[in-house]
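I've put the structures underneath this note.
Both complexes shown next keep chain A, but they swap its partner, so chain B is in the first and chain C is in the second.
Coming up: the complex of A and B.
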């Protein structure tokens, strides 16, 4: 502000007429409506979904059926098998989240406490770079590079050693060799790890060093301090990372659609294909405008997806936004 | 680090009960206390400057020693060398000798973790962990895997010693963060006492407390010195005069003077000490 107005920068506090005040006021008047944009955007999306969908479909049995049946010639016999897609989403996103959380915990702990500063910083930058890769690139990588390897080498190996485990011995019911739950989980994991690692690392780094010293001074080792104090103080950040990561995994469409196989089934093994809600939307969008019934179903799918991701983002906000343990400690004088 | 056997209590020649001959002149010298911590030619170097410059100082058992001096004089660095907390700050190099009961704490094979259990520390601001009052005090014991009955007894004993039991004895499961600042600081003292140290290092323990909280900590010091050696860093010369048996004045990383508190404040030997305690700088 001051650089834009040399007179203002030069004027001593002796001039009590504040021309800047009016400008701030103008800015406030202009700016306040802008703050409503996110809310309006959300309302617009919700409204569009509600108006172009058919909400009564959500209450009908054909939406929740366990078989998929869609023939444009007989639209009144349609069945949408929504629970199967929801299950596919839960399985892929849930497993990916599990692996991503473990991996990012390990990464974030070593980045903040164990690796020397320069190495920690470069690894952190590298992890953040992963977050910038477009998801379709992950999809291509998965479909072109990983899927053949999975189908020809990894899956037979896993099956020959781990067939005694549930879901490790079943058939590879997938359209293309290698695609399916296992590959989708791997791709999703790689995609969420940068996000969850960054959040967990930040919350660990934000634990005041005084708290760590208090623990060390009681004779705790570095690891005991990490486990008993640092992670505990940062636990809201970890929870926030988990919820945000889940929201991201549930919503991811392109990369998952390319590697998840596309079958409408309860996957009998980790090698078999399935479909997630967001992948289904992508698969069917071509014909969406040709048939009203299909359009209604897709829009209702999208609505449920929106609600799920909003819910998890809300949980993430709750976890990280509230004044947690660190905040209270700082209220006590940190 | 193994605990050396306690030196036997030194017989006090001035004790009338010991039947000192009435003809003998009463010795004015104070009762000698065994030296618990002996610091010899201690240097702490940062990459570009010397933080502590050739400090030699003995800290007696069952005494309160105050460390005074202006900001940046090395008071805090000094007490952090006494339990090897100085090593937590990167880039500092320690030279010289610190002996605890005759044993070199910087010696080869000495685990800093063991040193810190014997030589406890309380910080400037009360740092309680986000857990219950009970778990805060039990923190150090849990690290050692102490069994639950003993943990319970130690928690109670430590809270009593820290003068907090009457206030929190019936709400041990409450979150420690709900306590007032003064209570939190006494909780930190209880937590430090629970690991069974002989020395308690306190880095301006009342700096963030109100007068009532300060008073309670100072009262506590009189109790604690019956069992512990206490080293307290303080900005506040009145506080040093009130609580300390001996006082050491640091300036610019050097130990200028150390003496019995009354003597240091009434008849300082060094001009610098006199200028500081009369408020001419600092």
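Coming up: the complex of A and C.
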């Protein structure tokens, strides 16, 4: 369609009689209200949270207590242990992000610089396919297939060899459900690798070839060029990938909730269960309809989670948005 | 730009289409209900949401009711008892399904009535390699296990109730539900009534020992327990075949008599049809007429809707063994509905369910038991209070 050409949009055809109505103006006119929808949705969510939650709870000690106590018969004595949920979220999301970043860097570097084109492209497609798998599928895989293996084989083996390392020993319980920090980190890592890889790969690919050729011409090796030039130029994209990956890991609920164990405790070892803010939201929402105090706490949990993910998305925008569009296109595309 | 324009056009068309379709639907809807109010063949869709236990029963009942009354469809949803209660309170559904009754005072505030539709029960499973017998456990022992007071399978308190079983020296791993659940409501009710040292209260979500593992849903309980040597878990009776195929065994549970004398094996009951019915008749005896809201745990406490800590339920007659972990499944409906002509069909559906759906033919398929005639009588009476249009 020739009329949809961008060049035409930029400079309308110089016809002696201008058309009665400009279709682009009409589209803009119709389209701009639609552009407000995301803002309105965010406002509606924030409004719902503020109106149905109890914001004063956020300032009270029972929200920030270190032990969880919820007895439906004594709702006024409830203590929500939010720091424990936050810590569980930080541990699982943080460790997953660490592994995912390392893996993605390795993957993105080999895809852009070392592997032959056809192999790089098909591997990239496969990685992107991973991103399309619904999170509940990862959860079921972890819960049904991996959990028994972790509990009965992998964890006892790790414990017997690595018990001298902190967090690798832990109580030698007869119980071996297999769910816990280790499994949750593995599942989360697999889930965010496609996202971080795609962004890092794009930012590496967007580094101008003139810069790379200059580096090679100065006698730098392929690896030195990658490390000192390409990664340095693309570092904002890498930072953006990290922040977006963290936001995704923090907000992920279903898959993590299924494999994290659910214990409201500081995990004494990597085999122990813990819990996350989003697991609390997922599993307590039905009960919250019966108990007003539980609903207030739930909504406040949701509010803090929303603020955290917004904050990390904001950081990702800052990292990729400033000074050029390195990696930005892919961040927006996902 | 071309793509953006195409998408924008598509979105606008979609919105216009939705709006237009809605307006058209409204118009046709008002036409059809106008024309049919004279002929009397208006179509109705009765919405139900709530307890995942009741859902399969509604799925069985709905189509069979529609066979008799083709103008009425029943549309059930499996969401959760809490959702069932809150949706019934707000009036967004016609029927709310719940495993726990709504306290009569709360129900009155929202003009709702409790209409029990079936009897369900819960089993306590354990994973003890080499032990295929049904070991005896009572409410006091279970409460102490879940409180961390009894931590080993060869504890004298468990061994004393099981003289013929050699219990292993193995740590007990109490597994609980991570999600809010009517099963947790039943199990914590039994612990609360049985042992005065129980500090967790009772409800669909409570605090548990911080180190005890959890699972989501009855299916998750079966899976986690089958991986956990020494584990113990409470699982709804609908999952009996799944648990059996995972090699799990369930316990004989102590009646109220076992809370007083736990060493007498005659005070323990297996979840047989006769034992579950016996418990239901015990809890439903001497009820005041009208909307039934009662706990059947440990034979229940007639007339009481707030359980008493450590005070137990009703003592069974000598020689009977009522199964203590038994519960009524409730539906909640409005007595002053916004649409009285639709409510006529909601009441008709429940009346049909109580009169014809309350048979072993339906109940066996979902592992429930039919209500006793007394409860059906109370239900029918309660339904008379509902405002319907003639």
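Note that the second predicted complex is superposed on the first by the 301 of 334 C-alpha atoms of A that agree within 3 Å, B and C clash if a C-alpha of one lies under 4 Å from a C-alpha of the other, contacts with A are read in each partner's own complex, and residues count from 1 in each chain.
The rule is simple: contacts are C-beta pairs under 8 Å (C-beta built on N, C-alpha and C of every residue); 3 or more make two chains touch, one makes a residue touch a chain.
These numbers come from a predicted model, not from an experiment.
Participant: What is the contact status of A:224 with respect to chain B (first) and chain C (second): first, second, both, or neither?
Facilitator: It touches chain B, and chain C stays clear.
Participant: Would you sort A:215 into first (chain B), second (chain C), both or neither based on which partner it touches?
Facilitator: first
Participant: Just checking: does A:40 make contact with chain B only, chain C only, both, or neither of them? Give me first, second, both or neither.
Facilitator: Touch status of A:40: no partner.
Participant: So in the superposed three-chain picture, is A:165 touching just chain B, just chain C, both, or none of them (first/second/both/neither)?
Facilitator: neither
Participant: Identify the partner contact of A:144: answer first if only chain B is touched, second if only chain C is, both if each is, neither if none is.
Facilitator: In the superposition, A:144 contacts chain C only.
Participant: For A:233, is the partner it touches chain B (first), chain C (second), both, or none of the two (neither)?
Facilitator: first
Participant: Look at the residues of chain A and decide whether chain B or chain C touches more of them.
Facilitator: Ranking chain B and chain C by residues of chain A touched puts C first.
Participant: On chain A, which stretch or stretches are contacted by chain B in one complex as well as by chain C in the other?
Facilitator: In chain A, no position sits in both the chain B and chain C interfaces.
Participant: For a test of understanding, state which residues of chain B touch chain A in their complex under the given definition.
Facilitator: Residues in contact with chain A: 83, 85, 88, 113-114, 116-117, 120-121, 123, 125-131, 139-140, 142-143, 177, 181, 184, 188, 191-192, 195, 208.
Participant: Given the complex with chain C, which residues does chain A contribute to the contact?
Facilitator: That would be residues 1, 4-6, 9, 24, 27, 30-31, 34, 67-74, 143-144, 147-148, 151-152, 173-179, 257-258, 261-265, 272-273, 279, 282-291, 294 of chain A.
Participant: Contact residues on chain C for chain A in the complex?
Facilitator: 1-2, 5, 8-9, 11-12, 79-83, 85-86, 100, 170-171, 173, 175, 178-181, 199-207, 210-216, 220, 223-224, 227-231
Participant: Mind listing the chain A positions that touch chain B in their complex?
Facilitator: 210-211, 213-221, 224, 228-229, 232-233, 324-325, 328-329, 332-334
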